[in-house]
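Sharing a structure below in C-alpha cells format, with a few things to ask.
Every chain is named by a letter (A, B, C, D, E and F) in the order it is written, and numbering of its residues begins at 1.
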Amino acid sequence: MKEYELITLGEVMLRLSPLGYERISGGETFEKRAGGSELNVASGVALLGLRTGIVSRLPDNDIGKFIKNRIRFVGVSDDYLLYDQSDTARLGIYYYEMGAAPRKPSIIYDRQNSSFAGLDLGQIPDEIYGKTACFHTSGITLALSETVRETAVEMVKRFKAAGAEISFDVNYRANLWSEEEARNVIEAILPYIDILFISEETCRRMMGMTGTLREMMKGLTQAYPVKRVCSTKRTVKSPKKHDFTSTIYDVDTDRYYEESPYTDIDVIDRIGSGDAYVAGVLYGLLKYDDPMRALQYGNAASSVKNTIPGDLPSSDLAEIEGIIKNHNATGYVSELNR
Amino acid sequence: MKEYELITLGEVMLRLSPLGYERISGGETFEKRAGGSELNVASGVALLGLRTGIVSRLPDNDIGKFIKNRIRFVGVSDDYLLYDQSDTARLGIYYYEMGAAPRKPSIIYDRQNSSFAGLDLGQIPDEIYGKTACFHTSGITLALSETVRETAVEMVKRFKAAGAEISFDVNYRANLWSEEEARNVIEAILPYIDILFISEETCRRMMGMTGTLREMMKGLTQAYPVKRVCSTKRTVKSPKKHDFTSTIYDVDTDRYYEESPYTDIDVIDRIGSGDAYVAGVLYGLLKYDDPMRALQYGNAASSVKNTIPGDLPSSDLAEIEGIIKNHNATGYVSELNR
Amino acid sequence: MKEYELITLGEVMLRLSPLGYERISGGETFEKRAGGSELNVASGVALLGLRTGIVSRLPDNDIGKFIKNRIRFVGVSDDYLLYDQSDTARLGIYYYEMGAAPRKPSIIYDRQNSSFAGLDLGQIPDEIYGKTACFHTSGITLALSETVRETAVEMVKRFKAAGAEISFDVNYRANLWSEEEARNVIEAILPYIDILFISEETCRRMMGMTGTLREMMKGLTQAYPVKRVCSTKRTVKSPKKHDFTSTIYDVDTDRYYEESPYTDIDVIDRIGSGDAYVAGVLYGLLKYDDPMRALQYGNAASSVKNTIPGDLPSSDLAEIEGIIKNHNATGYVSELNR
Amino acid sequence: MKEYELITLGEVMLRLSPLGYERISGGETFEKRAGGSELNVASGVALLGLRTGIVSRLPDNDIGKFIKNRIRFVGVSDDYLLYDQSDTARLGIYYYEMGAAPRKPSIIYDRQNSSFAGLDLGQIPDEIYGKTACFHTSGITLALSETVRETAVEMVKRFKAAGAEISFDVNYRANLWSEEEARNVIEAILPYIDILFISEETCRRMMGMTGTLREMMKGLTQAYPVKRVCSTKRTVKSPKKHDFTSTIYDVDTDRYYEESPYTDIDVIDRIGSGDAYVAGVLYGLLKYDDPMRALQYGNAASSVKNTIPGDLPSSDLAEIEGIIKNHNATGYVSELNR
Amino acid sequence: MKEYELITLGEVMLRLSPLGYERISGGETFEKRAGGSELNVASGVALLGLRTGIVSRLPDNDIGKFIKNRIRFVGVSDDYLLYDQSDTARLGIYYYEMGAAPRKPSIIYDRQNSSFAGLDLGQIPDEIYGKTACFHTSGITLALSETVRETAVEMVKRFKAAGAEISFDVNYRANLWSEEEARNVIEAILPYIDILFISEETCRRMMGMTGTLREMMKGLTQAYPVKRVCSTKRTVKSPKKHDFTSTIYDVDTDRYYEESPYTDIDVIDRIGSGDAYVAGVLYGLLKYDDPMRALQYGNAASSVKNTIPGDLPSSDLAEIEGIIKNHNATGYVSELNR
Amino acid sequence: MKEYELITLGEVMLRLSPLGYERISGGETFEKRAGGSELNVASGVALLGLRTGIVSRLPDNDIGKFIKNRIRFVGVSDDYLLYDQSDTARLGIYYYEMGAAPRKPSIIYDRQNSSFAGLDLGQIPDEIYGKTACFHTSGITLALSETVRETAVEMVKRFKAAGAEISFDVNYRANLWSEEEARNVIEAILPYIDILFISEETCRRMMGMTGTLREMMKGLTQAYPVKRVCSTKRTVKSPKKHDFTSTIYDVDTDRYYEESPYTDIDVIDRIGSGDAYVAGVLYGLLKYDDPMRALQYGNAASSVKNTIPGDLPSSDLAEIEGIIKNHNATGYVSELNR
C-alpha cells in the first residue's frame, strides 16, 4: 500500500469574490478563498476518506501561508508544497462574480507570472514518484507556462513508470491556449493516461472528433491506452438552476455507465463542481474499482458541490451516500437531517 | 378576563447557524438567535395582538440574559421565566444549516442537561394557573427529560382545572424518544386537550391509526374530548420552494375546514413555520372562536414565516391579513407594499 | 455638440435596507445606498458611455457628502448639485425590505421636508439650459412639493426653449398625490415632452384613457406633440422571478417596436429596474436615434438591473450588448464570462 | 407601592453609525440602534432591577416597530408608547461617527417634524400620573418643539401633583435652542424639581451663575425647592480615554458627596454615558434614598457605559456592584470574570 | 528521532464571542473559533516548525468536524483525535466577551458532559507512547472529570516510561476544582514532570508555599525531580494594555533566566497568551535545550499572541525572531514590515 | 487659470486587508480599497476644494472599473486614466495587515508587471501639459519599471516647460530599488523640482548628506533650484499612537517653518498619512502661496488621516480647519462635533 492514494499537481489561487450578488466593480469587501482545479480534486477525495496530497508552489509569504493553511483545512497534505522565496514570488488570483439571469457569472484571471508558473522539475523531490496509487492533473496545468508544461508531462511519465494510475481532466480553457496548441500537447500525453475526463464539446471542437458522444468516448480508448473515459452533462436552466449527469465508458466491461440526472440543483456556487465530479469518480475507482459506483459518487459529489460556497467541496462520505440514497429513493423522504 | 390570553411551556434554545449557505463545519461566524417551539407560538400570538407569556428556565448568566431579552423583543412576557443559578446551569443549543437541492437542511442538537431539563413543578408559582385563557405545550417538552415531563403533565392538569383551554402540538421527534414511549405519554394527556395539532404521518406511525386523514382526525375527537384537531400539509418541492395548507376538524360543527394551498413559497428559513401555524390557529380561535378564520390565520402565518430568517415569526396582524387578502385576490395586485 | 448628453432633475435619497431577507423591524444593520429615479437614469446612461449630470439638492453635511460621492462613483457629474446650508437641511430617506413569496417587498418613505423639496428655480444657474442635448425628469419630482413642481415645470420649458429634447417618465405614485392632481399637472407639461414613458395601468387609471395599449400610446402622440411613447410590461411570477418586455411607439415611422420578453429574470433587487429601462431607451435614442435599438437597450438594461443590489445600475455597454446578444442567440452559449 | 418606580418622557431616535472608525460620508453599512436620553435613563434603571416605562411617540410603521422592540429588549415597558398614524409620521434620526485623536466624534441630527415633536397632552392617558414613584425628563425634550414643551411642562406638574418625585436633567444643547430661551423655560419648571442634574458649564453659561461649582449647586437648592443636585465631571484625555467622577449635593444632610474618579476609561462609545449616570443615581435614590450609594452607582454606571457600543446601557446590578468593588479594591484583583 | 516532537492532551472547545466590544447578552452574531489550552500549545510549537499532534475527543458530527479542520488549519496533526459517536456526544463551549476599562473580559463555560470529559484510557491507541519526544498537558485537563483525570495521569506515566519528556502547566482554575483537590492531584504527578509551568500566586495559594518567587521555584525542583520551572509575570495596566515577562529556573545550571519585560502590549485578545508562552518555551527547549532562548521565545510568543484575535497563535519562527530582535534593538527600527 | 490645479502621476493599486486585527494568513474576508501615493495626494487636494486629476493606467476590466469608480468617489477626475486592453493587463495589489505592539503593521506587494508598469509616454495625450498649475509625482513611480521611469522623467520636463510647478516626494522605498540607483535618478530630476518632500533619514542614507536636518534641507535648495523643501517628523510610540510634525524651508523668505507636534494621535490606519501631508502642503501653497499655512494644513491633514481607515483621506476644508483651530486652542474645547 502506498502512502497516498492520490497526489495531484496544480496551481492554487486566491479567489476573491464580492459578497452575494454584488459586483467586482463595486462593494467594499471580497470573500477570500483558496481554489484551483487539482486542489479541489484532492480535497474532494480526502473528504471521502482517502489520503491525498498536492504538488504546488506558493510564494513564501503570508498570503502563501493562508493558502497552505486552507489546504490543510480541507484535509490535503501539505508535504509536497514548494515555496518560492524569490523577489518575484506571487500567488495567482482570480476574481469571481456570481450570476443571476440574465447576468452570467464572470471570472477575471490574474495568474500570469505566479510562483506556480515557475515550477521546475528540479524542485520536485525524487522520492514522490513511488508514494502514490494515483496521480492526477489537468489541461489547465499544461496551459499555464512552458516550464510547468514540461514539468507536468515529465511527472506524468515518472509517476506512470513508478506504477501509479494516471488521471487527467482535459478541462480545455480557450482563454489559456489555442485549440491546436492544446491538442498537440494532450495527444502527446494521452499514451500515459488511464482515466480521462473530457466533455463532449471538447471532443468535437478541440480534439476535432465526430460521431455521437459514446462513439467519441470509445474512440479515445481505441486510439490510446485509456481505460476509462468520463464525460459530464450539465444543463444550465439559469445561473441558479442546473441539471447534471454523466457517462463513463469502461474498456474492460465495454459498457457505458449512466444514471438519471440530478434535476433542479440549487446552484449557490458552480465553481469546482466539475472537480468535485472528478473527485467522486476517482474515489469510486480507487476504493472500489467499480465504474457504476464511481459514476454515482461523481454525480452526487458534483451536484451537491453546487450548493457549497467556494471552489472547495465539503462533503464527507456519509453526506454523499445520503445524497445518492435520496436520489434513488422512491417513498417518503424526510426534508431535514435532524 | 384573564391577564394572559396564552401561556406556553417550553425550552428556549440558542440557535447557531452559519451565514447564508455556509456549512456548520466551515466559516467563522454563527448567527445567534433564540428559538424553541413554544416560544415561537407565544411570540406569533403576541405579534397578532394578544397578551402572552412563557414558562421556561434559563441559566442565570449572560447567555440566559440574551434569551430573556430576545423573548421580550418578540413581545412575550418574561414574568414566568425561571433562572437556574446552579453550577450546572446551561442553555440548550442547536446548530442549523440551510439546505439547497440536493443538500438538505441539517440540525445538530446539544440540549441535554439544560437548565430547562431540570424544570420542577415546585419552581412554578402557584398563582399562574388562574392567569390565562389558554395553555399550550408540545410533545417536544414531554420528551426532554423525566422531570420536565412530570412537570408538564401536572401543569396541563392544573391549568385545565383552573379553566384554561389546553392546546397541544404532538410534534413527534424521533430523535428525542421512541414511538412507543411517545404514544403512552400522549395518550395519557389527551383527556385534557381541547385543541390538538397532529400530522398525518404521526397519526399513522406513532399513534398507529389507519384510514384517511379525515377519518383519523375525527377518530381522535371520538376517542378523547378534543374539540378541534388541526393537521398541516407541507409539500417540499425543494429546500427553497414549498407548498402549504392544512385541515381543521371541528367537533361542534362536525366540519372539515380547508382552503387552497399557498404555492411556491420562497423558503428562506423553514424552522418555526409549523409553530407559526399553531400561533395563527390559536389567535383565530382565541379571538374569534372561528375555525375557518383560524385556518386562514394559521396558513398565512405559516407560509409567511418561511420567508423570515430565524425561528421566530415577525408578522403583525396587518401583514397576516394582507397576505390572506392577496391569497384570495382575483384581480390586479400590487407587487410592492409602498 | 453640447457639454452633456443628458441632464436629469430629481431627488436623491438615502436608501436603508436590512441585510438579505431580514426585516426593517429587526436586525442591527442597514445597507446604506443612494437612490432616486432620475439619478438612476442619469447613471444608467453614463455607464453606457454618454456624459450626464443631475440637478439635485443635498444637505450640506456629511450625509449629503456621502450622496455626492456615490453620484460621482456611478459616473454622473456633480456640477449641478446644490447644497442646503439651512438649519432644516435634511436628506430624504427610504427604508426598503426585500420580498419572498408570499411576502411582498415593502417601502417606507421618510422624504417630507427634504432639502430637495425646497429646490427653487432661483437656485439653478442660468447657464445650465444650453448645456445638454436632453433633459429628463419624472412624475415623482412633480409630486414632491409645490416648490419643486413649479421649479421642474419651468425647467422643462427653459430646456425645451434652449433646444433640448425633453424626456418624461410619468411614474405615477399613489402615495404621493391623487390621480386628479397628477393628471392636471401632467397634462400641463405634455405639450413640452418629446419622449414619454407611461404604463398601461397609468394610462387607464390616472389618465382615464381607454382602448388597447397601442391605441392609448398612439392617442397620446395625437393629443400632444410627443414623438415617442414607451411602455413596459412586467410580469411578476413571484417577488424573485419576473418576466419583462416593452413597447415603443414612434410617430415618425408610425410603428410599434417590440421584442420577445426576457423570461425568468432572477430578481435580486427590483428597485430601479424601471429607471434602467428609461436609461437604456434614452441611450439608444440619443446615440442612434433608433427606436428598435432603444427598445433592445432598454429591455436588456432593465432586465439585468433586477440582478444588481441597490437602486443604481452597474452595467456598461459591453455587458448590455452581451445580454442582448444572448437574448437573441440560438446556438451554444457559454454559461460563464471568463 | 406604585406600578412603576420610574416613568420617563422623551424622544427615541434611530441612530445610524458607520462601522468602526468609518465615516458617515463613506462606507456601505450603518449600524442601526435605538437611542434617546430618557430611554437610556429608563433602561439603565430597569437593568438594575426597578420597573420602568417610557412615554414616547413613534410612527406606526415598521421602523417604529423596530424601536418598540428595542425598548422592550432593554427591559422598559412599552405600555405608554403612542403611535402616530398620520401621513407625516416619522422617526427622528441621528447619524453618529466615532472619534480618534485628533478627530472628534460627530453627530448629525435629522429629528425635525418627528412624530414625537407632535406629542400632545391629550394623547397621554390620564391614568398615568398615579402610576409611578418618580418621573424624569430632560432639557432636550423641552427644546424639541413648542407642542412637546407644553406637554412636558404640564406632565411635570401633574406627576408632581400625583405625588411622584420629579427628576430633571438640564442637558443643555446649543444646537436645539438659545441659552436665553432655555433659561426661561427651565427656571419655570425648577419649582417642581426634586432631583436636578446640571453641569458646571451650564450653571455658568446658560444659567448665568457664578462662584465655585459647590456654591452654584447649593445656590440652586436655595433658589428652588430642589432636594438633590448632581453634577458630573468628565475629563477628555482623548476621544478614546476619559476620566469621570461627579458631585452630589444633598439638602437634608447639607453635604457634598464625592469619590475618587474613574481614570483611563477605555471609551468605546461615549453616547449615553451621561444618561447612564442619571440612571445609576436614580436607582440609588429610589432604592436606598442614599446620596453616597447613588453617587457610586452613577459613577460606575456611567464609566462602564462608555465601554458599551450604542446609546443604551447593558449593565445589571451584579456588574455595577462588581465595578464599584473593583474601584475601591486595594489588593489583588482578577483581570477576568470567569 | 521520534515521529512527533510534541504531543499534547486536552479539551478543544468551541469559542463563541460577540463582535468587537459587543456583549454576550446582545448582538446577533458570534465569532466561531476553536480553542483549548493544550491545542494552543501544540499549535504554537507547530507554527515554529516542530511536528506536533493532540490527543482529544470530539463529537462525531459537523461541529466536531469544524474543530478537526481548525486543528489542521493551525498545523497540528489530527492523527490522535478520537470521535464520540454516542447519543450524548457534545462539544464543550465557552462564551468570551472582551473587556475595556473599567469592564473586565468575561468567560462563561458550558463544558460539562462534553465528549472529552468521557475520554477513557482504553480509547487511546497503545502505539502513541513511543511516538513523541515530549508530552504536555495541564491542570485544566486534570480538573475536567474523574475519567479524564485518571486517563491523563496514566498517560503521563506511560509517556514518561516510553522516554518522553513531560511538560505540565498547573494552570489552576478555581471554577473547576478546589485548591485542596488540585494540590493532591498535582502533587501526585509532580514526580513525573520535567518541565513545570506555575504562577507565583498558585505557588502561594494552591500549593501553600512561602518565600520569594525564586525560592518557591527552586523549592519545587528540590521536592520533585522537576528540571525546569517557568513562571510568568503579567502586569495588567488595563484590559487593553499589559506588560509581560517571565522567569525560568534551570536545575542543571542552577540559574534564574530573565529579561526585561515587554511593555505596553496592545491587548487585542489575551486568551491563549499563557499557552503561547508555554509553546515558545517548549520550542526553545526541544530545539536548542537552552533556557535563555526558551525564555526569549516564550516571552515573545506570549506578547505577540495578545495582539491576535482568538485563542490560537499565528506566529511563525520568522515573526517571533523579528520580535525578539526588535525587543533587544537599540538603534533605528522600522515601524512597518514591508 | 488652468483647468486643473493639480495633476499627479502614479500607480493605483487594489489594497486588500483583513478585518480589524486579523492576519493576512487567516480570516475569510478582505477589505477592498484603492490606494496609491499619488492618488492619495490628488484626492487630499480635491477634498480641500481644488480641481485635480491623475494620470494612471488600469486594466480594462471590472477590477479596473472598481478603481476608476473609487477615484471618482474621492473627487479626482478620471479624464486622464488610461486603460490596458492587452492580455497581460493587471492591477497591482498590496496586502496590508494592521499592527498592535509588539506586532508591526505588514505589507506584501504584488505589483510587478502591472498595467501601470507599462505606461509609455506615447499613451499620454499631448494636450495634458498645458492643463495644470502643478504636477506631482514620487520616487515610487520612478522605481516601478524602466518604462515608467522614462515616462515620468519626460513628463516632469514637459509639464515644467509648459509652466507648471513641479512637486516631488522622494518617498524612498528600499524594497523597490537600491540607494545608489535611486540617488542617480533623483539627482537627475532635481533640477526640475520646485517643491520637494524628503525625510531626514533619506537625506542621510540615500542622498548621503550630513549635518543637521535644517542644514541638509537648505543644502538641497542651494544645490538645485528647489524653492521649498518639506520634511516630516513622525514619532512612533506604538503602532497605535504616534506624534507628528514637520519642517518647511522656504528659499524666498530663507525661513524654517515649524509648529508644535500633534501628540498622541490615535492611529487607525497610518497608510497614506504621508501623502495626506503632501496634499495639505500643496493645498496651502497652491491656494495661498504661504509656507506657514501650508505647514498647518499639511500637519493637520496628515494627523487626521491616521484616524481614517484606508489609504485615502476623507477630510474636507472645514474639518481640516477645525483641527487646526483645536490644535491651537487654549480654552474650553467641545469634545464632540454636534
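Basically, a residue touches a chain if its C-beta (ideal position, glycine included) is under 8 Å from a C-beta of that chain, and two chains touch if they have at least 3 such contacts.
Since the structure is predicted, the reported quantities are computational estimates derived from the model, not experimental observations.
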item	value
Per Cα centroids, the chain farthest from chain F	B
Interface sides of chain A and chain B: same vs different residues, half threshold	different
Chain centre separation in whole Å, for chain D relative to chain A (CA means)	62
Interchain centroid distance [CA atoms averaged], chain A/chain C, Å	45
Contacts with two or more other chains, residues of chain A listed in rising order	20, 23, 25-28, 65, 69, 106
Pairwise touch network: line, ring, star, complete, or other	complete
Parts of chain F lying in touch with chain B, wherever the complex brings them together	27-28
Contact footprint of chain B on chain A as seen in their complex	20, 262, 264-266, 268, 300, 303-304, 306-309, 314, 319, 323, 326-327, 332, 334-338
Complex contact set, residues of chain B against chain D	65, 69-70, 72-75, 316
Chain A residues touching chain C - in the complex, by the definition given at the top	20-23, 25-26, 99-107, 109, 173-175, 201, 234, 236, 238-240, 270
Of chain B, residues touching chain E in the complex	16, 23-33, 61-63, 65-66, 69, 88, 90-91, 93, 95, 97, 106, 108, 110, 112-113
